[in-house]
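Chains here go by letter, A, B, C and D, matching the order in which they are written, and residues are numbered from 1 within each.
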Amino acid sequence: MSSVEFRKDLFADERDDNLQEIGKPTRRQDILGHVTGRSPYYDDHLFDGLLHMRCVRSPHHHARIRSIDTSQAERMPGVVRVVLARDVPNNLNTLLSLINFGKDEEKLIQDTKVAYVGEPVAAIIAETEGQARDACAAVRVDYEVLPHVLDPEASLKPDAPVVNEIYPNNTFDYHDLYDHQKLRFGDVEKGFSEADHIVEGEYQMSPIEQAPIETCGAIAAPETNDRFVCYTSTQALFFSLGTTAKLLNMASSRLHFVGGTVGGGFGGKVDSIVEPLSVLGAVLTGRPVKFMWDRAEEMQVGAPRGAERWRIKDGVARDGRILARTFTGFFDAGAYTRLSSYAIIKCTGHIPGPYSIPNVASNVYCVFTNRTPATAMRGFGITGVDFAIECHMDKVAETVGLNPIELRILNAYRDGDMKPHRRLAKNTALIECCQVASQKSGWAISADAARQSSLTGGGGSRADIPESITDSVGRIGERRRTDIPTEPGMGAASRGRVAAGTQGIPIVAAAPQDEDMITDPARMGFRHAPVAPSQPGATPSSPVPPSAAPSAAPVPPQQNAPAPQPAPPQQPAAPQPPQATPDPAPAPYKPEQPFSRGVKRPGVSRFLSGSRRR
Amino acid sequence: MTKKPVQFQLNGSPVAVFSDEGQNLLDLLRRGVGDLSPKYGCGQGTCGSCTVIIDGEPRLSCLTLAETVEGQHVETTNGLANGPDLHALQEAFMENFAAQCGYCTPGMLMAAKALLDRTPRPSRAEIVEAISGNICRCTGYEPIIDAILAASGQPTRRTG
Amino acid sequence: MVTVTTVDTLQEAAASSAGEAVFLGGGTLVMRSVNYGELTVPQIVRLRSATALRDIRADGTRINIGAAATMGDVLRSSEVSFLHPVARQVGGPAIRNMATVGGNIFAPHPYGDFAVALLALDARLRMSDGSETDLESLLAARDSERRLVESVSIVRPAGDDFRFRKVSRVKPKGVSVMSLAAWLPRSAGRISGARIAFGAMAPTPVRARAAEAALEGATLDENGIAGALSAATQGLSPPDDGLASGWYRSQVAPVHLKRLLLGGGSRP
Amino acid sequence: MAIHKGRGFACINYPIGMNLGGDPSQALVHSTPDGKFMVSLSSIDLGQGMKSVTRQIAAETLGVPVSDVYVDTADSDTGPHCMGSFASRGTHRVGNAVIRAATEARKALLEAAAEELEVNATDLETDGQGNIQVKGAPGRTITVADTAIAAQFKQGRTLSGRGIFLIPPSDVDPDTGEMTPVSCFAHAALVVDLEVDDETGEVSVTEINSAYEVGRALNPRLVEQQLIGGAWMGVSHALYETTEPYYPDRSHGPVDFNTYLMPGPGEVVNHNIAVLERPAEDAPFGGKGPGEMCANPVLPAIANAVYNAVGVRCDTLPITPEKVLRGILANGGARPQGAR
């Protein structure tokens, strides 16, 4: 049986625990509805005359559509409307066009070429779901089967079939410049040459289905005011509304979306496919239309977390310090981008994990293959690379003969350390987590490791940005002409250098627009700000043998604090949450090479992230 | 399309509706009768979120041909509370934070009720067996097992 | 669209639509196909009442189980307590109140664990046309079988002669990586006429004839069963599916057979 | 046959909020005539507890009991824009927006009370029980209800507030990857104990001991729900789940819960959790979203524990019995790496 303890003793001086409602085990607001079966999920809204929509789907990995014959289906019992690509007013989109990221490339319904098994080529609207299924089976599609590619690295070969014509190199275009996202921090080759050990590994994630028990679905219906209401299972109400407005070329004011009570999402309900199709159905028939995935569609047509392949190479000193680390990553995006391109940006910002490593480089590829497009899933962009990193750390520990927990503490990032994306670490707590996990499991660590703290030992020289080696390998289209290496820096004819010590300004939250929105910091539960990073020279020492005498550890042994117990009242100190600063935020950092976008934007939705459009 | 009349008891009250040919009981309850408490999760009999109790036994409404419940007694989560008084299972699910998204909850409650109706103080293993056909993607099951223990007046990991 | 015909007798059901209509037993397989629009012939025939076909009763040395008996009926019957560990391994409680013995015989891979037990027990089937057949012959041609099963007849195995084991990934309820059943009649400690059946090792439940032969006259101990283990998968080419590859099934079949033969029954 | 015990470790951090910013969320707060408060959002409750945590945040910020606050979401006609429930952004982004909206409403509430009590609003405080009092003068109080009635029917004043929280968008440098990804990180470390059957390759996880740092546990039971359920999902991802069992080959893809495998209720793992709370400066009451990161360390910790048990590196997920068995056979037998 499981147990939970709250280590209120840790970081106690950074928190005021004397709050009225925060920290209390209040019952969920929605729990009564859940246990009485009355929580209103999207499908719990009843409509007279509800029609049902189902899709005709590709049986092929990759095929050209010669023709679609719906004549027999149209005559089937109960069929109200057959929907084809030509019925979609603006039939080209990319999900992240709403934040101006990537090119429009995916059709709601295909009419020229299918690029994965399950891609929709038509939709049937009928009186019952069974009639819609029967009619779907009666649609005749003449396909010319094309060669397909399923392995992401095979997809990068010059002769690989083109999966997605908008990205003819089978990779997402980053910054209109490279076929991957680069990260370069320091000089990894120098780091490898100084290392005592080189540790290499390859890791493969599986594609993961989000598997919410409620499948994706939406019901759309005409309202009495010339608008359309859409009850939806979406995870992102305005994302789905905006996508619908764009695909249907409809003013967003004519859309009324209702959701918010959803039977699990886990990332699988962001893609906004059921909403535009159900609204389109309501527009075309003038009746309420439900489009719901069955479980088989949810599992094989609904976008999974894509598989990722990772290669990691570490240069490690004898004492376990990691001197250099490179990553080569392949995100299997499937046939269309959905959210994979963005996952790679997030992942790049996360590399090399929660460790301070002086030389880091990565190349991460968003690769198109002839499979179901990938999308978000709990742990978006991070779960896969964390699996790779932490399996790799185990190999490093074995190589240098160090306790795996001590290896992590030795290399852990601390307050004030510079991360490879060139922002300082703050509010870190990895070391303390390692120490507590060690205590709870009884897996002993050395006295020195038990003495370390996230609050000290960082900063100083660890805050420096080193001179960094760059390269321009992997320009868009290069790989289509010739087989070139995928690893960072490999195959470079020449190298560039970015001078040491240059750093952009971190972006902080936009200030409250009105001073009435500025919160009294004394009421926000913060105590004094974390201590400043310590001076240079306080960097962690090499681990000492476990035989060393234990000393006073910053993480004391378990002090079981059965939360939630209001702490005794204390004097409010002077905390500094962001709400306290009415000053306008500093201007965002602009790299010299602009972050290029280039969205094709007929009918683009106008109300989301307008600040990012140019 | 042929419609067939079906009469049965739903949570103790008589119901008379027409079912479509081939319609399953889940769809009939939800759209025909308007009892929205059983949920669609798969239509394959693999998730348990449509679990109802028929003549005292847990069954899957998505795999039950609607017309076959003629004359039978069907219970759903909608009938679990006695007016404003919640069933002990409902209270225990609330108290033990045994639901997150809540979508599997009505099916879980029916599976648990079928167990407690026959076995008022089930063992942990019996509870596990009773809910083994019901999938929960959120909780990791432990809070649900705890809630059923609590509903049967037995200690949980918190109280025991 | 699906049409549903309700009839009073199994014979009428078998004759319905010249045997083209699908017979609705417990619904666990047929209704799934209905829900997913997968019936090749969209016609269902069902019995108005299947009560008479749910009987489980001893008849001399044999036990008759009506084809409409559910797994739940099996679990409630003390006549067939040796089959309780088998019935308990079929689906979850709700499925067990629906799934029938007759339906299990026709359940496609990887389902049909109960039929594996029946195959090991040398079940004889009484068919809707009044004829009798043995389960093994029916399984060999079940896809073209037009008759319906009326009841199943087995001999009660002595002592711990009958064993069953289901290997699944998910606990306590999961579908089969494989299931194994063995009937091991013994005299003076030596096995005679053993029957061993595998589920999920072929498109239908199958006998492991080479292993059965190797057990003839053997004792039920590590040495005695060695030949059977090495012959366990002889003649079988188990399928790949989403749960396991054929390679894995072949690899662990002797391991699980050993645990079945030496360790006894089903895992908790 | 032998059962080998193994122990593995992993630790992670997790970025909170949409990576490059540019993901606003808004909130509106208003009072009913008698001083109960409604929070209007368009954020989604997927089960993570969005309605509940924003309710507690609003109540705390307003200074009223949680029972006097309800959250209404998500209707695009009444709920202001929110980017959505993903990227662990809900608590952080929406929570901050609710704080701002509730702060503005609180300001109006105190001003209305000040007018009734004939004092300066800055001299007032709430007791969290539905009363507003003069600091240091406990006798001079007015209820929130009376204040709202006065504001509504006497003063002509709305007790309402608007809030938006936005991390402005950041760019990414194409050559160095320089960017401002997120503003705070959650942390976790855990030890997994498991057993491996060296004849079948089957792995069963027996215990997890973990430490999760979540900034602040805004509602400890909701945090517990995430951590226990999330670790379960981590076990599932490590050992069971794939939509393509023979990836990159697409055959035998599961289409139901019988073939898409997840641990059942018979495989509940004893999970002993320690929650650490290091509040993040820009997070609501310091709370970071625990919902995504909780699964992540479980995957590699299991892989590392399998290696410790039988000496097989399973670098390809999921770690099926087949992969473990192939590894054991390739090594000529199990190679336990020693007790930890």
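Operating definition for what follows: contacts are C-beta pairs under 8 Å (C-beta built on N, C-alpha and C of every residue); 3 or more make two chains touch, one makes a residue touch a chain.
The structure presented is a predicted model; accordingly, all values stated were derived computationally and were not measured.
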item	value
Distance-maximising chain from chain B - centres being C-alpha averages	A
Between the pairs A-B and A-C, the one where more C-beta pairs touch	A-B
Length of the line joining the C-alpha centres of chain A and chain B, rounded to whole Å	35
Where chain C and chain D are represented by their mean Cα positions, the distance between them in whole Å	46
Centre distance in Å when chain A and chain D are each reduced to the mean of their C-alpha atoms	15
Sites on chain A at which at least two other chains make contact	1-3, 27-28, 30, 77, 130, 211-212, 262-266, 294-296
Where chain B touches two or more other chains at once, by residue number	1, 22, 42-44, 46-47, 97, 99-103, 128-129, 131-132, 135, 137-138, 142
Where chain D touches two or more other chains at once, by residue number	46-47, 49, 221-222, 224, 228, 230, 233, 253-254, 256-258, 260, 262, 264-266, 268
Chain contact topology (line, ring, star, complete or other)	complete
Contact set on chain C toward chain B in their complex	1-4, 6, 24, 26-28, 31-32, 34-36, 42, 44, 46, 72, 88, 91-95, 97-98, 172-173
Complex interface listing, chain B residues touching chain C	1-2, 4, 21-22, 24, 43-45, 48, 51, 54, 57-60, 62-65, 67-68, 111, 114-115, 128-134
Residues of chain A touching chain B in the complex	1-3, 27-28, 30-39, 41, 43-44, 46, 50, 77-78, 128, 130, 211-215, 262-266, 292, 294-296
Chain B residues touching chain A - in the complex, by the definition given at the top	1, 20, 22, 30-31, 34, 36-44, 46-47, 49, 76-78, 80-81, 86, 89-90, 93-95, 97, 99-106, 109, 135-138, 142, 157
Of all residues in chain B, those that touch chain D in their complex	42, 44, 46-47, 97, 99-103, 127-129, 131-132, 135, 137-145
